[in-house]
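For clarity, chains are labelled A, B, C and D in written order, and residue numbers in each chain start from 1.
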């Protein structure tokens, strides 16, 4: 039996998930959609023979919807996720889980009260084959205990609405979640550094360096360059006691031309992570069908919010700040 | 509406396709299976809630089967493919199309008589992202007209039943199909060379070098090494007038340890081409649903058989031989 | 006419330079040596038919010595360099120029009073082909203005006398000089970070991260790992506005074996920089013969000492500190 | 005591060797030069304070010349080499040793009669660090017995006087010598293949594939492309029973720009092999001083001539031909 999925929010991300569930993945049908823009919802629904729900809350309550995918505007995530928990339905919520720490805590509280994990947050890097291979090498132990990690997060350009905090809240937040998962420990302090500014970024502080300190003392440095033109380049090298392990540099072809041997860099995040999005959602569908555990959960969404807020707070001052998390509820003890 | 697929032959390959159609791909249901080993067919069918047909021919005639996947022993391919053509049903036939040139010609004749292309042969390299990127570079023209191609086809080891001709009929046949597709022209001559023998291969002439001459004069050299231990390593470099383009060397991680920087080589063909198999079958399913064109067709299966036979003929003598194809029927004029 | 060189100090480094001048380079003869260990001096002198001077000061005054190479213990550098300046003879002084900032200033004062540059300090990275190619790319401008640089300085192990400050004064001091030369500007601030400690380093704070801020705002991060076992690995990537340029990873051979494609990492600094030492000394000999300008000068030696002292000062506290240099004398205005 | 070298022939190659002996290497002085163009000889001699000999034969007889470097036109090599053997003086002869097999045999006979090896032929690849590392890996044995080698010899362009046979006699002759040295065995057969022609080469058969069969059965394929525009690209991969070893791809810098990660290819043979020429001549000078053995000898020069002639003979017919060498004199038994 296929999982009957309802999708709240049919903007670019929502539509992409609908396409994925309908034409790429196995075991799911999109049966209902909703959007604040009703005619738009109707147009999208028509393409996949889904119903249109009058509102996200109606969609959540729909008896023929087994599981919900929330891809609406960030400010609405909290209410829909809470509604799903109340309805006892698995929910896949695009990042962020919610736009404030307080909202994240309300979701934690509701889920703890419900007594089971229903929420998955859309941190897709955990599903990328290269990151998974990297984690396997770190865990296998040949490079020794991990001591540092060097990351680069480079975008060729960013849209006009990208603002000062976005380098942290939209961009580096992926590394914030990734290192928590990779090392299976929390971030305890963070610092922001401001290198010389790129003229490509106009008024923006671009690039930015984010220093993350893990609970065990591992230091992670993250270069965030969001107007570097040449490509979308995500790199990461874990430095251990005896050696290092890095994300591979995959290029489908190698070209020898004009004095050089050239491998390709992805043009954008779609090219780089398209397959990770597929796997993320397939594994969620499989978990919903099996009644099993999901991926990045509400606690992960909450922790990312707290670290991100701490970094935003010291963004201008370039001071170091410690990160304070609540005590972790037992429900989230066995992290995936 | 999902395509209702019947699978003939539930050995290792057949089961893998059933798994793929049932749990990985979108738009298909396995509704019927058949196998000479009936109890085995029942066990496999049970896992995916499919019916068991008494025979492959019954399965082809089943009104609730829209399309057929043939994964039985090579010697039976001809009869099932002919049955599908007679029934007017799309058929995906694992390689080879048939075990003799004559059988391939009977299939061509039947399909031409039927007046439409129904057959796809399982040459999955055409669906590999790296080969597709390579073809795109060659066609785009920056390296100039292609003049040569250097290929390596390396296996860590081969099973006990692998015999003298297998290096051509099982192994290099992938390159035979691939270069026809990559350069969109026929092979007109071939030569076999025998390098010093590897002790890993026992009595086998391993490695072997196969020289393929294309219609335009492009020369392709293929190294076939099937006991090279270190990994499954498929490489290819097209040499043009101004530069070259090669398959990229993708490794999920790069490890710095013990005096070296190491990228991984796939362990076997599953690791290397697993994604190509997915895409191959998804595109076939999509084509069946759309009523559109399929991938490698009967003509491709026939041409591979003729070249392969020619190479087998000169395998011992190390002489050059020309390759003679029938005139290509108009039905296959527009090659994909 | 060959340059007649006198060498003060015939320990490991001194002997290596004698070998280089005698059997590798063109245009120089080692005519005199001195060492506190007289019998050792005599043994070394005998191999190259050189005289033994009773003391370093006698060697400097020797009329048949055209130029001096100082490779004695660091604490003696100041006096010999000053003696050479007084004698008006070109002197190549192994790093450090002197062991205190004050001593460096006395050398600057003496050279300024003498009115010409006679001193070259042994920072050999400026002579490495890869660093020179990197500088050429940065200057050529295609990657845009430089904004950051990521460096790693990794040693497989360090000798027993290596102590807490050595990570800065012996190891990172190479990067301190290199970035001043690469970007042609001074370092204005520095910070030390302490990642989780490697058990390979015992009590040592190893690894260490050194942050260097350049006058234009460029931020350089330097990973110093001195017990990382796998090899001697010097890397550097300059991040510009539109792209990046990094030191290439040269390996004489690429081996495909045991599931991997492996390139080599140098075993130690000799393997990595042996050719740079040759070129450094050949260019010095050529400059002495031509009466021309030398490489890294007294000002460079002084600046490295000041930055290094500043980093040592904050080594324990992990605080940021600014770097204060004297006003640069006009003699050093045209930096090489 | 420096070796006093006389240089016959001061064209481009001769001058480059004079520059090398005078300003790069240790232990040699150019004391005499000769050239058919006397004024030119005088101009070059003046730059290094050498004498001009009235003729090459006078130069060889000059008592103040310890060793001779022959860089004159190929047709004159035989007579000068024979004169050196007669005079009992070490001679470094640029390739080819002589322009016919018969002339090579006369040199062999003379040297055998003289009873000691005095001749070194200028095959500089044996001195290249990458080829030496490759040979060390092959000999060390981890990849197993060598079975095949794939080589590419690519030039961006060739001068106007380059003709049909040059692809063999000027270009592939380097691989002919190299594989004899690398595998320490003779070539027993050869075949020429003609791929589709590059329009960059006009009337020339370019590219060409040369197949070399070694005594043990190793097969070497050599791609010769001499108008491939993108760079000077020398590659080589030895395929063993368990793995492969290839020349590394060294690039001083790696640039990330415009959608790609690019390493450099050398622009021409000077850039690629300049260091090998230095080492070749330094080792020759060192051997002359030590009275020791030299590198590639007359037998190597003879064998290269025989293989090269055999390939030229079948260049048009594309037939295979065997290679017949004389019996190897005992003088050359212990090959370096």
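Rule of thumb we're sticking to: contacts are C-beta pairs under 8 Å (C-beta built on N, C-alpha and C of every residue); 3 or more make two chains touch, one makes a residue touch a chain.
Just so it is clear, the structure is predicted and the values come from calculations on it, not from any experiment.
With every chain reduced to the mean of its CA atoms, the largest distance from chain D is reached by A. In summary, the interface at B-C recurs among the listed pairs C-D, A-D or B-D; the equivalent pair, sharing over half of its contacts by residue number, is A-D.
The distance from the centre of chain A to the centre of chain C, with each centre set as the mean of the Cα atoms, comes to 45 Å.
The geometric centre of chain A is 38 Å away from that of chain B, both derived from CA atoms. Separating the CA-averaged centres of chain A and chain D is a span of 58 Å.
Multi-chain contact residues of chain A (touching two or more other chains) are listed as 229-230, 242-244, 249, 251, 255-258, 263-264.
Residue ranges on chain C touching chain D, taken from their complex, read 22-27, 129-130, 132-134, 137, 142-143, 242-258, 263-264, 282, 286.
Note for the complex: chain B touches chain D at residues 144-148, 150, 193-200, 207, 209, 211, 214, 216-219, 221, 223, 225, 227-230, 239, 241-244. Residues of chain C that touch chain B in their complex: 229-231, 233, 249, 251, 255-265, 267.
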